[in-house]
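Let me begin by presenting the structure, written as structure tokens, before commenting on it.
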Amino acid sequence: GGGESGGGEGGEADALRFGYIFPETGDLSHLGPPQISAAKYALHEINEAGGVLGQEVPEILTGDEANDAAQANDAADRLLGQDVDAVLGAAASGMTMAVIDRITGAEVVQCSGSNTSPDLSTYEDGGYYFRTAPSDLLQGPILGQKVVDDGHQSVAVVYRADDYGQGLAEATATALEENGAEVVLNEGYDPNSTNFTSVVQQVAGSGADAAVLVSFEEGVQIITGLIEEGFSPEQMYSADGLNNEGLGELVNADDPGAIAGFQGTAPGVDNEQFTTALTEFDSELEVFQYAPQVYDCAIVIALAAEAAESTDPTVFVEQMTAVTQGDTQCSGFAECRDLLAEGQSIDYQGASGPLDFDENGDVTVASFMIYGFDEEGTHQALEYVESKP
Amino acid sequence: MRRRLVTVLLAVITAILVIPAGAVADDQGGETLNGQIRKPETVEGIDITVYQGSEEIGTATTGPDGEWEVEVPGPGAYRVVLDQESVPDEYVVSERPGPEHDEVQVREGQQRTVIFNLARPGEEEGGSSASPSEPAQEAAEEEPAQGEGTPEGVTTAPGVSSATPFGTKVVQLTVAGISFGLVIAISAIGLSLIFGTTRMINFAHGDMVTFGAMMALLFSTGATFNDVPLVVAALIAVVLGALLGIGLERFLWRPLRRRNVALIQMFIVSIGVALILRHLLLVGFGGNRERYDEYQLQEMIRLGPVGVTPRELTIICLSVLVLVAVAAMLQFTRIGKAMRAVADNRDLAESSGIDVDRVTLYVWGLGGGLSALGGVFYGLSQSVYWQMGFHLLLLMFAAVILGGLGTAYGAMVGGLVIGLVAQLSTLWFPSELMNAWALAIMIVVLLVRPQGILGRRERVG
Amino acid sequence: MDFMYILSSAFETAIGPIAAIYALAAIGLNLHFGYTGLLNFGQVGFMLVGAYGVAVSVTTFGLPLWAGFAVSVACAVVLALLLGIPTLRLRADYLSICTIAVAEVARLLYRASFAQEVTGGVYGLQRFAGDFYDANPFPPGDYGVGDISFSARDLWLMTVLWGLVALACLVMWLLIHSPWGRVIKGIREDEEAVRSLGKNVFVYKMQSLVLGGVFGALAGAMIAINQQTITPDQFMPQVTFYLWAMLLLGGAGRTLGPVLGAVVMWFLLTVFDELLRSLSSTGILPFLQGSDVGALRHAMVGLTLLLLIVYRPQGIIGNRKEMLVNVK
Amino acid sequence: MSGNPEQERPSGVEAAVEAQHVREEVLERAGTAPAGDPRDHLVFADELVAGYVPEVNILNGCTLTLDEGEVVGIIGPNGAGKSTLIKTIFGLIPVRSGGLSLRGESIANLAAHELVSRGVGYVPQTQNVFPTLTVEENLQMGAYLRPKSFAARFDAVAELFPLLAQRRRQKAGALSGGERQMVAMGRALMMEPSVLLLDEPTAGLSPIYQEEVFQRVKQINATGVSVIMVEQNARRCLQICDRGYVLDQGRNAYTGTGRELLEDPNVVELYLGTLAKSA
Amino acid sequence: MSSDPTPVDRMAGVAPEPGVTKPDPILTVDGVRRSFGGLTAVDVEHLEVQRGTITALIGPNGAGKSTLFNLLTGFDRVDAGEWSFEGRRLNRLGGHQVARTGMVRTFQLTKALTRLTVMDNMLLAAPGQTGERMWGAFARGLWGRQERANAERAEALLERFKLLAKKDEMAGSLSGGQRKLLEMARSLMVNPSMVMLDEPMAGVNPALVQSLLGHITALRDEGMTVLFVEHDMDVIMGISDWIVVLAQGRVIAEGRPADIRANKEVVDAYLGTHHEEPSDTAVPAAAEPEEDR
């Protein structure tokens, strides 16, 4: 129904233009595909529902952050040069740092689905920067608590020494100590490291009864090493970086059950539906890290534009927080848009969680999944926990 | 500031339990607070009281294995207090986390663990958090013997519950260093050959390594090629690697040489080749890490303090074999000598009747094949991803240079030094600086021996 | 597909601040390699210390921005000395690997957790260039001709940067066309011969390393200013490789070679990016997945580098005669 | 300040001017050498044009023949193109125009190693050893195409240069200039060529060895090997040569038997010098 | 020419024996040794080089001549021994420092600066250029005149060495012999008080050799000391005032040309008998310059 959205004065508004800056290449290129698909999926949904303010949303403009600030900057420049209204990304906190001045300085809304660095909360972004991923400060305590709850009292924390791993590891280690557990090892490794034997041996030799691995896929090498050293998967924990359906097969293709008992935390809600829909949209997708968060970014931006009845970012940025904190809960673009058209104030419930932005553009409430693997090595969501700062 | 934030953090709102048969929530039902006093050892008869606000919810006393449990009426925030009176005289309550936990949030259905630690008077140390550079030596002293004290319900794997003594660590890391060093060496030997023969800094070598690993992956896993055994796939990969090398020489480097293009320009071309190869592999195989599906997760062979998997042992042995074979080939066979002759002086080699183009082609073939083999070994010992070779490239160069260019065993010696230094540095320094130490050692060695470890000084006048 | 748009946006990049920054760093590299024959593969190390010189001075120690630049230059000098003393007597190919190694070690140290207090560790440092933008004489707004336009911010940056580049070129020209430059070029050919004529080769090499390093550091400092944020991981060895590509593309041993190389290189990078992206969005290349564009673009850059060297090995304005003499 | 020794001759400048005249005259005549039939000669280079840098010819129509069992010497001032001529014959420099044949068969575009397999051996003027190979390996490279004959040939070479046998395990790069020259010569002798191209084989050798090399060349020649040698030890070279060519600026300036050239006053004045004039 | 006895004349009274002291040595070498593995390449007990003379250093291949040059000029390190030049000890000085004391050498295997023009090769060698200092380089006015003077001198030398036509070509495009010539000319450009030439005439056309010898003797007459290694007997006998014979690293004989030719040991080890005949005829030519005086 385009009728309602015609509420804008004469329907003269420009189309809402999205752009993204995601890692298509570079060290974090494995994080690219799910986020790209999610963004495209969101736009697809929006257009299915008739577009924003009655205008079809044009094809998303793309940019590669390449894990290189110069290229990310260049990509940002070009997106801005094409008059985008909103930029999704960047995926890595460091890359966001590299482009945030440019984008928010140009008064364009930026929303990332995977930035977890606490520093971004307080960054002076003129109110243009948002993120749907929870800060490390939210995830760390949940993970720490989980380890302690399972009866572990001396814990080894190893992490990917970059802005993702170090931040989360710090938060987790703090939480572990707050809970009274002893952190017997707190060691970062070079993300580009080509050999993990020494890390494995440090964990094995630390006398810890549990290990927390804050890593991306390279964590598989540590898991394998630890299992071979006689560590049981039940003693291993990880975070969103290893929240991977195929983890069991990566560790041991013959017997994915080898990692039975491995657990971890990851931002997300119980949203089978979203995963299924996204898989339908892009059948080649294997992992789904941060896909719901990116999807939410796009939808919230579209809703904000609807609510502000304008696709001008300087105008609709005011509505970004409002559409996540209103009175009537709703989910999905079509439903929320219709409510807005009825003049209601809406509270968008995202694919990644309840999603309420605070004044910093952070989510106030984050939902975390505790995942684990069963005897067959199948990925399971064990529990959902919400956390508020 | 962050500390304080975290203490107020755990305000729990709702809890949704999705999977009914959760692996953790074994005994379904009410919320509890529980714990086990086991530091420095399990202590019986300690009283623990739980309050909600000022209201006392319940009290428990630790059992013989130090465990205690208090049922709580429901989700919410509780205060858990350890009764200091009940602590036997030989212990005091450890400062961390102290005798009292404020604001312990319990979610619906959660059996939440609360930790109290005891300590022997006088032994109390301030913080227990390990700094990265001192891996928990204290933990070893604190828990000299586990054995009978280990309570059930707490999973403790054999051999990991107490910290390993320093000497053992040295031995273990030495083994790890050797195996790492040999993987570097075997990947680098092709580089050394090509670098040695053509004097060209081939920046595409890392990606040739990746190519080999990926080809083996392509043939050994997945439906595409019906799962040939990895050994066969590795052989195919070596052949393909050799073909890649030959193709590059035949259709790129040779024409460039014909056009009298200088080495440094060729180096830029090799960067171009590297970019192409790497990103085509990215497009073809995606950005994820994969592993071969054979020889994973093996039982360790334990020889005293050292554990090695058969996989690693095989890689070590095969690497040494191949390295020695290549070195011997270079040193003793006719074609090997011809390769060195071409390296020294192309025109003169040509004038000696050596078909320089053919020899160079062999070198590239051999170099390509060996890099593919290195890739398979490397992928087997670590994992296969599109940047694997690129990440290893600098270490390979370091190994080749450190050993001394143009020497038969150079790559091997250099690789071993690099591998050992990298691994052993983690005994004292943070792991994140592993590569920094490996590279630093190269510079230090070159300071003393500018021609590399095995290299020979050149005559000046 | 809008070719005019693609061209104009590529042109914007080619004369934009980033290209100027790379040009500056490549000028330093030109002094190192093009004239002195030092195979310096660690130029990015100078950019790193330059960038951090500004960032650390301003953020961590609260110094004014100009002092940050002074610190940058000082850091470059120190790094050049540290790098040069052990490595300058090495053979060319050994030197090349050692310089990458030093730059890489520097990066790893700057990002290490123990350095976090000062350098911000893996998080890097942000927001230190306010003073620079406050000094912007251009009133806010867009400036440009036709499809090409720059914001006041970029215009200010570009003025300063291209000014620096021009200054660097002038300095280089004066130096190279002097007896000093002759000695430097002599060292490139055969340092033993130059030594036998009574020139202190080490000192000359060191001077060259320092001066080229200072250009690199200035480029680094300008990166910091441009981005307002720096992390150690943006100073990976690849940056040096790109600089090399630019230098050889333009023509090594030519005053304007590196500048031309940087401009052309960024032009190409952008053209391919835009071209592939518009091809994939118009669906002309159906096999292209969204995430493949970035990868293919890099592959295309590789291919172009390759073709350019094949068809113009001496670079765009290089001297083919010099190159041929070099070979035989 | 000008040196006394020059008094007996015209002063430097005048001499140069006069010499230039003679040279120009000679070069006028050159290039009209009668072309023969390639099949009549072992090596036949006809009006060769070649060079290094595009569009700059170093050889401007150089003609040379070598018959079976001959020793031919090439002399000429520095930079005349002697080495270039040898390199062109040996296929290291592409022929730009002109004919080049071996036993009547064109070799204009053959690679050097193919010539080696046709029995042509070559000793370059500079960079004529493999520095990182040992002396023995250097010699093995000489016998690359006939590895079996190595042992026997090695003994023969060792007899000529005993030092090489003593130093067989030493890297050639560390050798003295003369020792290198021995290695280079030895390497060529290992090949058992039927045509031997020598570019200043005696440069840097001590007088004893210089003479030894000339003698050896004669001996080898006596066994049926044809030799082309470039020499700056021109007088001695022409003494043992059957025929000699004087090259100047990439052209033939004089051609004749060794004795004819030795006695031609112009050749002596311009190319041989009077320093070592006998009698 | 001055009426003072020239250095050459003063050599008349010096006994032709190894290690003999000279009236006015510019270079004194004492106990210099260098060995490579088991091979002692240089073992010179005592050697003096007379100022203002042309001294030839001869010896069989591998005798250690080039190695001695390398040691004396700081391009290699001695195992033991010391030496002094113009009364100044040179031990531990680097190659460039030695050159600055006024002792300049050439290399047996030439080292042309290939991608510099011949002229630049020459100019590079000129000593004490203001513009060679980094800051000086910017002040064109400071070094412009010096540069022109140097260029003139360089052209004169190139003319002499038959390289003037090539002055704007890259040194890398010179032929083997031309490189030798350039190397020699370049070393003279430094204005050394002593040049050490390592086989300067090998590969140089005899006609040119002849005119160069004139130049070298002229240089000597201007007061320069020349120490050169050579295998061409005509050259050695033609211009040297004094000959030092090295074999297996040791000085086995010293003396004037006539002394050396009469030395049976040297003839056997080095000259070979066959050479006697032509070298006999060369004597008068060699003696010419001296007789003139």
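For reference, chains read A, B, C, D and E in written order, and residue numbers begin at 1 within each chain.
Going forward, a residue touches a chain if its C-beta (ideal position, glycine included) is under 8 Å from a C-beta of that chain, and two chains touch if they have at least 3 such contacts.
Going by UniProt, the chains are B = Amino acid/amide ABC transporter membrane protein 1, HAAT family; C = Amino acid/amide ABC transporter membrane protein 2, HAAT family; D = Amino acid/amide ABC transporter ATP-binding protein 2, HAAT family; E = Amino acid/amide ABC transporter ATP-binding protein 1, HAAT family.
Note that the structure is predicted; figures quoted are calculated from it, not measured.
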Quick check: which two chains are joined by the most contacting C-beta pairs?
A-B
Looking at Cα centroids only, farthest away from chain E lies chain A
What is the distance in Å between the mean C-alpha positions of chain A and chain D?
76
Mind checking the centre-to-centre distance between chain B and chain E? Centres are C-alpha means, answer in whole Å.
61
When the centre of a chain is set as the mean of its C-alpha atoms, what distance in Å lies between chain C and chain D?
50
Quick check: what residues of chain E touch more than one other chain, meaning two or more?
66, 75, 105, 107-109, 173, 198
In chain D, the residues touching two or more other chains are 52-53, 174
Can you pull out the residues of chain B that are in contact with at least two other chains?
132, 279, 282, 287, 430, 432-433, 435, 460-461
Which stretch or stretches of chain B touch chain C in the complex?
132, 195, 199, 201, 203, 252, 255-256, 259-262, 264-269, 271-280, 282-283, 287, 394, 397-398, 401, 405, 430, 432-433, 435-436, 439-440, 442-444, 446-447, 450-452, 460-461
Going by the contact rule at the top, pick out the chain C residues touching chain E in the complex.
174-175, 178-183, 185-186, 188-190, 192-201, 207, 211, 321-322, 325-326, 328
Which bits of chain B are touching chain A when the two form their complex?
2-3, 5-7, 9-19, 22-25, 36, 38-39, 96-97, 101, 107, 110-117, 127-132, 135-136, 139-140, 143, 153-164, 168-169, 172-173, 176, 179-180, 183, 221, 279, 282, 286-294, 296-300, 307, 309, 378, 381-383, 385-388, 391-392, 395, 419, 422-423, 426, 430-435
For chain E, which residues count as touching chain C in their complex?
73, 75, 94-97, 99-100, 104-107, 111-116, 120-121, 123-125, 127, 129-134, 136-138, 140, 143, 147, 170-173, 186-187, 190
Once bound in the complex, which stretches of chain D touch chain E?
1-6, 12, 15, 52-53, 75-84, 125-126, 163, 174-179, 181-182, 200, 203-211, 232-235, 269-279
